[in-house]
Structure formats: structure tokens, C-alpha cells
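Down below are the structures I want you to see.
Note that chain A is present in both complexes that follow, paired respectively with chain B and with chain C.
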Partner chain A sequence: MTSSTLVGDLAFGLGGIHAWAMATAAVIAASCALVGTLLVVRRMSLVGDAISHAVLPGIAVAVLAGGRPGGPLVFLGAVAAAMLTVWLTQGLRAAGGLTEDAGAGVVFTTLFAIGVVLVGLAPPGTHLDAACVLYGELAFLPFDTISIAGQPVPRAFVAGATVLAGLVAAAVATWKLQVFTAFDPAGARMAGIPVAAVTTGLLAATAVATVASFDAVGAVLVVAMLVAPAAAAELLTRRLHRMVVVAMALGAVAACVGYLAAWRLHTSAAGMIAVVLGLEYAAAAALTPDDGLAARLIGRVRLAWRVAREDRLATVWRAEEAGNRAAARPQTPHEAVVVRWLEFTGHLLRDGSSWRLSPAGRREAENVVRSHRLWEAWLGRHADLPLDHLHPPAEWVEHHLGAEMRERLEADMDERAADPHGREIPPEA
Partner chain B sequence: MTAAAGILAHNTVVVALGVAAVGFAAGVVGSLCVLRKRALAGDAAAHATLVGVAGAFLATGRRDLATLLAGALVAACAGLGMLVLVRRFTRTRDDAATALVIGVSFGLGITLVSGLPAWGYANSAGLEQFLLGHTAALTARDAWLLAAVAAVAVAAVAAILKEATLVAFDAAFAAATGWPVSGIDYAIVGLVALMVVAGLPAVGAVLVTALVVIPPVAARFWTDRVGTMVVLSGLIGLAAAAVGVAASAARPGLATGPLVVIAAAGAFAVSFLCAPHRGWIARRAEAARGLTVRRGDDEGEAGR
Partner chain C sequence: MTPPTRPLVEFHDVTVAYGRRPVVWNVDLVIDSPCLFGIIGPNGAGKSTLLKAALGLVPLVGGEVRFFGEPLGRVRSRVGYVPQRETVDWDFPVNVMDVVLMGTYGRLGWFRRPGDRERRLARECLDRVGLADVASRQIGRLSGGQQQRVFLARALAQQADVYFLDEPMAGVDVRSQERIFHVLDDLKAAGRLVVVVHHDLRTAAEWFDRVALVDRRVVAAGRTIDTLTPENLQRTYAGHVDVLDDLAQAIAARGRTP
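The block that comes next holds the complex of A and B.
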């Protein structure tokens, strides 16, 4: 490698070391997102949180017993610890009557505490220390390589990719069982599906994904990688298989972006990945078409503006009908703004100190007033309300009736022409 | 030298007493939380505190405990506020929302704490002690601060105990008779956030939830009376905190938080096994004598 490419690699973060670190983070994040999607739709996010903490003593015991981080013994220890967590939580519920969250609160904090103490007792040089437990050490992983086809490949990447492949294969093989169990556990049990085994498999998969992530991001931040991409994907799509794919993509993207941002800002990659995942969720919540926060806000503002415009046009129309030009004047600053806008769009024309309707404005105003009076007439006929109760619902509904609805309301009347107050119903404009 | 050793010992004793007071208050506050079946309400607040600790240091440049804990309290409330917003404005369900706030706020905290030295805040070392707790760094002044916060929390619980008990056992009845149920719930969660912050220096952000969960759950095995449970839970929290601080003084390399949690877990194990009537052994004996087996998940038994 020449020095110029080395500089280029470092500058753009795409060189060997960074590429391997990002690839490792991406496969780990995708594994977590896959498992996390099933946890989220099954409302088991906090079980994932508990398991991700509770695997620590399993990892610590396996390392103290001579296993190497990322090796099979460590996976075994972690899965055993996860099963112990679930068994203890369920045992405390059955034998001690604890609620599930209280039981989990006791079990996972205790196991994590034991794990931290065990890590503190681990001899130096075992790749385990308190900092690693809390943040992982993603930046150092690419330096521990094994040789594949003559090329040095980071051990953590191989482990992560293997786990990802295994989890994808398991998910594909058991997909129908997972979906059935997730959305209708009682039905699944009736259909003969071993629901408990499916759930246990999911929890074991959570433990495996957590261990695969442990060296890179530690035990505490895994919960962000499990839940955040799934929660964001759930906002973006309503189909489960799409949700899995979207979640895995969001996880992988956040892993790469988070790593690069952390490298630029000289801070923890694991923490930054969690922050980017949070930003992805916030963006999904804000920007989802139709029911995102922005779409809902825009919809609400547009409706409010349309109501304000139509009310103003109808007010001017009624003022003209009554021959009272002063009533067409805006009363509040808000109405004055609406009037200015309607003048600008050519719906209202200035008339001395007051305003009158242009032909275009008159057409729109007549339809609003027509909607209002048709609705009053229809209510008066069918709802048996006193006269003074007809106006408020009509004031609201006048903005929501289309031409077709007005036609049907009119057809329902015996003779058109007047509303219950005796005022004329204008014809369709 | 003996004078210095005496001051050191004096400091250790004062710190142990301050942390024990926090343990007591956390047990008391946690009782309300567990009875209301919101055992993990504090966890989101706990993980968010780290952002506040780092933020307070960034904003003021000071490292004294009062400043850092004030920041932590603000961040804890912000974390709970985020949780409320996510629940109110998105389709995300409660469990995922909680896990999301836990993971993302802790990630932001880790990002800040890890980045501070590289961003030129050379004297930021020590903030990471709020992750797992470290009482060796506390001074007698800090201990007085913690004790004062604990006293305020205990007084607040004493003031709202009757109302909180009513809400915990029969929220529908409480609402029907005109009690401000959501106000009382906010008060309980606010007190939990306060105790999570007070527990931070000794137990750390990751494990401080245990301080408000384990003692009340253990105390519940011994009694059916709320008043007794609250006091007992406080005493278990006090003992766990004292034992944890003493153990970490004996092994300075170990963080305090895990030791406090393991001490509390020990109390829980004893309670689970040995408590009269509700304990596992007592139930087994009762079942063996052919008497009726009490089921823990009976209708109407709040908080278990």
C-alpha cells in the first residue's frame, strides 16, 4: 500500500481498517435488527433488554474458563445465561407471584452485577474489562484477524457474518411459525405449533445476537440495536417481512454512519451508532408519509387554513346577502391575514372600506353556504333538533361536503330553496 | 499520619451513611413504584442521566456532585418526557418506546463521556464513574447532599402515601372518587427519577434501577401491610447500600454499584426462600401439610 492511498483511505474512512470495522458493525447491527423486529412485534422489547444485560455473567464465566471472546464457549455461556434469566423470571412469577417486570428487574440487574464483578476478577490480558462491557471496542476489532484464502479477515467480522447467516437461515426456515406465534399465540397453540419452543428459540437468538455484538458495542447499548431499527421500521411499513428488511437496512446504515461519525468526532463508535439509530427513529416518526408527525401537522395546518378561507368567503357572501357591507370587514388580525390572502388570489375585491366577492370567490362561497344550509335543512328534517342547535354542526360539516353529497342531500328534500331559518339555499355553482 | 487516617476513616463512614440514607429512600420510593406495577419506570430515567452528567460538565465546566446531579435530574426528566412524547405521538408501543429511550439516551451519554477528553476537556476524567458507581471518590459534603435528597424523598412519600396506596390498589376507584390519579402517578415517577439520580454516584446509571426494584420486591414477601412494607423496603435498601459501600472500600478496584446490587439480591434471595407464609419454604411446607396452596397471582393482590 502506498502512502498516498493510506492517507486517502484514512481521509475517506473507506480503507481496509475502517471498511472492516464498518462491515463488522453492519453485520452485527443487521443480526440485532432481525431478532429485534420479532421482539418488538411480540412486545418483548424489555425481555431483549434484560437478556442483553444478563448474558454478561455467561460471557465472563466462559472467558474465565478459558474461552476466547467470540468463540463457541462464549456463545454457549451467553445462551445459558439468557435461558437462566428467562427461567428465573418465570420461576419468580410462578413461585413468588412477582409481576414480569419486577421479576425481570430483579434478575437481570443481579446477573449483570455478578457479571461486572466477575469481569473485575478476570486476569489482565483476557480482553475483558469494565469499559469493554459498557462500550465495546469496535475500533480495535479489525486488528485481530484470521486468514481466509490467504487474506487476513477480522475474526469479529467472520463471527458476526456467521451469526447473521445463521439467524437469517433460522428466520427463513421458521418464518411461518414465528409470524403465527407473534400475532396469534392462542391460535398457534391450537394449530399444534410448539409456541414455547418458538419463543425459546427467539430468546436464544437474542442471546446469540447480543454475544456477537458484545465485543463491538458492549452489553448495554445492544438494546438500541435490537429495538430502535425495528421500531423505526414499524413506523415505515405495516408488513412484517418488509419490516424485517427495512430494520436490517436501517441497522446496517446506522452502523456505518455511526462509526464514521465517531471516527470524525473522536468518540465511542458504539455510543454514536446508538445515537444515529435514535436519529433514524426520529426521522421515521417525523417523516413517514400519511401518519408521520410532519404529514399530520401539515394536514392539520392545511385543513385549518382551508376552513379559515371558506369561513371568510361565506361571511362576505352572507354580508352581501343581508346587504350589510360592514359585516364583510375582518374583525381579528387573523381574519385580516386571510382577507389579504384572498385578495391576493383574486377571490375578494376591495370595496371602499370593505370587501366584496369576485366571481371566483362567489362560486366558492356559494358552495360553502349551500353545504351549510343543506345540512341544516337535512338535520332539521331528520334529527329533530331545536332550531338553535342546527348551526354548530353545519358550521363544521360545511367544509367536508362535496358536490355529490350536496346533490344527494338536495334530492332528499321535498322542495329546495329554503333552510330551516327560512333563508334561500343557493344553487350549485 | 494517624490524624490523616482518622479523617479518611471519618470520610468513609460519612459517605457510607449518606449512601445508606439514599438506599433507604430508594427502597421507600420504590415500594410505591412496585405496588403501582411500574417496576421498570425508573430504568429509562436512569440510562438518560449520563447525558445530564456530561451536559452539566460541558455547560458549567464544574465537576462538583451537586452540579452533575442537577444535570442528571434534568436529563432524567427529559428522558421520561421523550418517553411520554413517543407514546403520545407515534404508533410505537410502550415496551419498545422504553427500550428505545434506554438505548438511545445511554448511547448519547456514552458518546459525550467518551468524546470529552478528545474535545479538549482534559479534566473530565471521572465522569465514567457514574456508569457503575464509585463511592471512593465521594466527600463528606457529597454525602450530606445525598442525605438531604433522601430526606426530601422520604418526606414526600410520607405525604402522599395514603393517596398513592389507593391509586396502586384500585386506580379506577381512586379516579371515580375524584383523586388526581395521573398527578399521583407523575409524583411517583418524579420521585423515582429523583432517587435514580441520588443513587447514581454510588450505584451507577446501568444498575441504579435495582435500588428501587429489589428492596420493595423483597420486602413484599414479609408483609401484607403497606406501611410495614415501605419501612422494611427502606431498611433492606439501607443495608444493601451500606454493605456494598463497605465491600467496595475493602476491594477498591471494584465498582460499588454491582456490590450494592448483589447485597440487595442476597436480601431478596433470603426473603424469597425464608419469609413466613409467602416464602418458598413456608409454602412448600404448607402444601406438604395438605393445606390450600396460595397462588401468588391471585386477583386483587397488587404489586406482586
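The block that comes next holds the complex of A and C.
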């Protein structure tokens, strides 16, 4: 796609039904990300899955009883069904000794199945359709509008925005309680926090967010909107209040990008949104600041390069010590590259067909050799190792001992300035 | 403060069960003055269970526990609790300061947010446990000993009169142990009661004023020097409690609690 057609799409989208569809998807995704974050940090992602499926019979019953999709009665039915799931799961565990995950697995699939059956029984003309319930249909939503201040506004957007506002308000008001309960339920109980009510509130909020999402993305993919943005945000920040904001933003962005991509490719918007959420997670896993794939890769390459440099400098230093400079000639192409680099940075000086250390190179080399021999000396003293086993560990540790550690190791020795092989340990450079 | 006539903590004939199976039997214990009090016993003796039961985290099947002569519900903010370190997920996305501030939540009520006063208090408490310089660190990046001290700082921030600590020295380096014991000693000096579930006899003899030797029942309780006797230790650590185990089995099988 060329950039001009993309701009054209955007302009068209922003002007019309696409803007409403995207806005609807975005508020829904943000609602799901908000409750999803608390579920994820409480390790309750499976509960989100269970609730998103189990609300179906509640919705079906509410609609069959005359409720309108997206209306208050439907929300009520959904919350009731969600609570029923949780209570039944706990009941099964208490009565039948089923583990929590197996119990939830039995309960929510059964309820979901009942819901599917009820939807099938719905008379034609009711606002219930199995395909819509399972997969949602974002593109249809903007056509069902209500009038606000004379402007037609999609009903689904109004419902979604109301839910989002309500959930944000509830989260702000009870944030402290949610965080304490999530982190340490026993401690929270001791502090007088109504832990059971806080948890029930979170589950009810999950049910509400799920129902608000049903028309747009359906029962199956709402799990992605609950879990994926929170999981990605958890990789990007280590503070819960930031994590919520990041998750909501990731959800909203994925909703818009996914919708546009689906429209271009003529495919399912809900599916595309979930795919984009997955891509966001993959990107977060790669880019997470501390221990992401990219950070780890960069760290490993850096370390390898430092080890190669230091080994080369130490080799030249030892060759000079032995009075045999020729021994320091690079043996492999890789070593040759390192030597060229050290020459370029002024650590090695060319001397005919061999190299010698510059003052800067000597300082660095001496500290590496010093680390190596100090470690051999320390190991020889404190570990039961034969003399010829001291070199390999020192070869590794020499790159990791800082000046402070070297000082401590030296203080531990009694005035001997030689390593176990009798070679001199150079002073700190 | 507490009227002197009311014991700080009293257990009256407390029996605790998991499901139907009793694990701690008929504990009767009165602690009437501020001190460092150790609950000592072998693994699986029910020490932690007893402590959790006192705090209402595990239901009692018999007896009652009172604090300052009142049921826990009426004096909650005066009772501090330091749970075992493994009971929480240390990868949880909060930093050290966030956790210590949780200690002030009980006093703040459900909806008020911690402000400057609470932050100042939290910093003070972190300073007391020697962690002032890691206040903004993610809790997962701390050592085990530091994590335990964060929990202690949270309890300090609660400014309670009675503290219950569940195995605070388990998996904790020697330096942190020393630090924790000193903080507990300071609490005692400030007139607080500190009850510690503990398993190391050597440090127990060194630090605790009073102890209860527990192995599914209280074997002996009193001043440390009078209680940690060879006979009592023998009865606690090599005692024959098969009778209690078999009885618990029988009760569980019959489906009735005592």
C-alpha cells in the first residue's frame, strides 16, 4: 500500500463510519486492558478466559427475557453468570476436590455450551446470532445509532465509553485496595481491607468489560484483549500504575491498527486486532529494557567483544613478560580484527611484524593479568584444586573482577606478590 | 496504651484444623507484658498455623483469641503482621516504597490515599531496617534478606502495639537476621509485644525473653531460660505425638470436628 492511499484511508476513516468503528474498538480494548492488568498481575488470566465465555448464557437469558444487546439487563445477566462461574468453581473445589483450573474448565465450558444452545433456541428476529456472539462484527456497529445532541452516535460506542468511564472511575477510587489485595491478600485482610469484596468487584468488572466487547469482537477473542496488552505492558514497566496506562494504550492502538489493517485486507477486524495484540507482545518481549531479547543480545555481543579485547591485550603483555613478542601475533582472522581495532584505538603499537603495548594498553593489560593471577592465588588458597586447574576459572573471572574486588583479594593474601605458579602479580594500574 | 489488667494476647483453648483435620490442639497461652516472644518447634508442628489462626487467617474450630481483651476485629490496626516471605509474588510490579506504604493503608481507611505524612513515615521505617537507599527499587531485585526487611518495614509503618512475625529468619542471610533482631529488640524497648514463629534454637535462646515450645500442642511456655530445658526440647522435638496424628485422622474420617 502506498502512503498516499493510507492517508486516503485514514482521511476517509476519520471522517466516517471507520472512525466510529475504531473509536468503539479502542474504548472496548482499553476497558479490557484495564481489568486485564489486574487479572494478569494476580495470575488470574484463566479466570478472565472463564468469565468471558461463561457470561454467554447470562446474556442469552437476558435477551430472551426482552433485554436489548448492550442494555443494562444484559450487563446484569452477564455479571450474574460470571459470579455463578466463580462460585461454582469454588464449590466444586470444596465439594469434589477438583483443582481450581480443572473446576473452572468444567464450569465455564458447560455454561458457554448452555449459552450456545440458548442462542440457537432464540426465535428469529431477536438480536442474537451465534456467529456474532462468537466472533463479533465491528463493521456493523456504527450503523446502529442513537442521537446525542442531534448527532447520530453508534450505540455500541456509547455503551463502550460509558463502561470505560465507569471502570476508570472505579479503578481510581479503589486502586489502593486492588493493589494491596493483589499483592498480598493475607496482609490486606489484616489491614482491614474487604478482600473478598475487592476480588468480587474485579470479577464483576471483568464481566462488564467482556460484555461491552461482545458485539465488537465476540466471546473467543476478548481473551486476547484482556490478557495480551497487560502481558506486554508487564514487560515494559515495573510499576503497576504505569502498567495499566501502557496496557490501555497498547489495547487502543491495536484496536485502531487492527481495524484498519482488516479493512484493507478484507478480513475479520476482531481477528486482526488480536493479531496486532500478539505482535505488540512479541515486540515488547524483544525490546523490554532490562532483559528483553534485544537487550540480552546486545549485552552478549558487548561482553564477547570486551573479552576478546582484554584477552588480546593480556596475551601481548604476557609475551612481553616472557621476552618473546612474536608469541603475541594473532593466530586467527578474528584475532587479527581485534588487533587492528586495538591498534586503531591506540592500545597497541605496530612494531615491524609484531605489536607492543602503548601506555594505555599496558594499564588495561596489567589489570587483566592482575585479576587473573589474583584469582588463581585466591582459588589456590581457598579451594581444593590441583595447580593445573586454576587457569581455566581465572581465564573467565579475569574479565569480571573490578578494582574493588582485586583490592579485597589482595588484602586476603599475606604479602605474597606472586601467583601459585610463582609468577609476579602486577600492581594495580 | 493498654490497661495493665488486660493481657496483650490471650489464647483460650484454641484448636485449629485444615478442613476437618486438627493440626494444633487446645492451645492456652497468655502474654501479658511487652517482650520478644518466640513460638518454637519442629517443622510441621503447626506454629505458623497457630499464628495465622490468631490473626483470623485460618478459622478456629474451637476456643478464642483476644487482643487487649477484645476480639481482633475491634483492634485490627493495633496488630501488625509480617507474613512468610514466600506467601507473595516478588515479581509483582511494585517498588519498595509502594510495599512499605501499604502498612499505612489500615489507618487511612479504604479510600484515602497515602500523602506526605505517610511517605515520611515509610522512609523512616525503611531507614530503621537499613533499606533507605533502595526505596525506589523493584521488589524482585532485592535479596531474600532485604525482602524480609521490606515486610518488616511495612509492619513498622503500621505503628501497631503487637507484632506477629511468621518465620522472619527463614532463608535470610546472617547480616539481615542481626538487623531484624535489633529492630525487634527496639520495638520491645518501646513497649511493644513481638511474637515470632522461629525454628532456630540457638538464636532463640539468645534473643527471646519468653518462648512457647509447640508441637501440635504447647509443650511448655514461659521464660526462655526456664523453658528451653533438655527435657522440654526432648518432648518437643522427639515427642510421641502419634496419638494426636491418629486422632486427627479418625476425626477427619468421621467427618466431625471437636
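Annotations
Throughout what follows, the second predicted complex is superposed on the first by the 331 of 429 C-alpha atoms of A that agree within 3 Å, B and C clash if a C-alpha of one lies under 4 Å from a C-alpha of the other, contacts with A are read in each partner's own complex, and residues count from 1 in each chain.
Basically, a residue touches a chain if its C-beta (ideal position, glycine included) is under 8 Å from a C-beta of that chain, and two chains touch if they have at least 3 such contacts.
Since we're looking at a predicted model, the values are computed, not measured.
By the touch criterion defined above, A:S268 reaches chain B but does not reach chain C. Of the two partner chains, neither chain B nor chain C is touched by A:E428.
In the superposed pair of complexes, A:E234 makes contact with chain B and with chain C alike.
Of the two partner chains, chain B is the only one that A:G105 touches; chain C does not reach it. Residue contacts after overlaying the shared chain place A:S45 against chain B, while chain C stays out of touching range.
Once the two complexes are overlaid on the shared chain, A:G192 sits against chain C while remaining clear of chain B. Once chain A of one complex is fitted onto chain A of the other, the partner contacts of A:L177 are limited to chain C, with no touch recorded for chain B.
One of chain B and chain C touches more residues of chain A, and that partner is B. Residue overlap on chain A between the chain B contacts of one complex and the chain C contacts of the other covers 43, 234.
Across the complex, chain A meets chain C through its residues 41, 43, 173-174, 176-177, 179-180, 182-184, 186-194, 234, 237-240, 243. Every residue of chain A that touches chain B in the complex is listed here, in rising order: 40, 43-46, 48-49, 53, 92-99, 101-102, 104-106, 109-110, 112-114, 116-117, 120, 130-131, 134-135, 220-228, 230-231, 234-235, 262, 265-268, 270-275, 277-278, 281, 285, 291, 293. Contact residues on chain B toward chain A in their complex (touch as defined above): 34, 37-40, 43, 47, 86, 89-93, 95-100, 102-112, 114-115, 118-119, 128, 131-132, 206-207, 209-210, 213-214, 217, 221, 253-255, 257-259, 261-262, 265, 268, 272, 278, 280, 283, 295-298, 301, 303-304. Within the complex, the chain C residues that touch chain A are 52, 55-57, 76-77, 79-81, 83, 87-89, 92-95, 98-99, 102-103, 105-106, 108, 110-111, 113-114, 138, 140, 154, 158.
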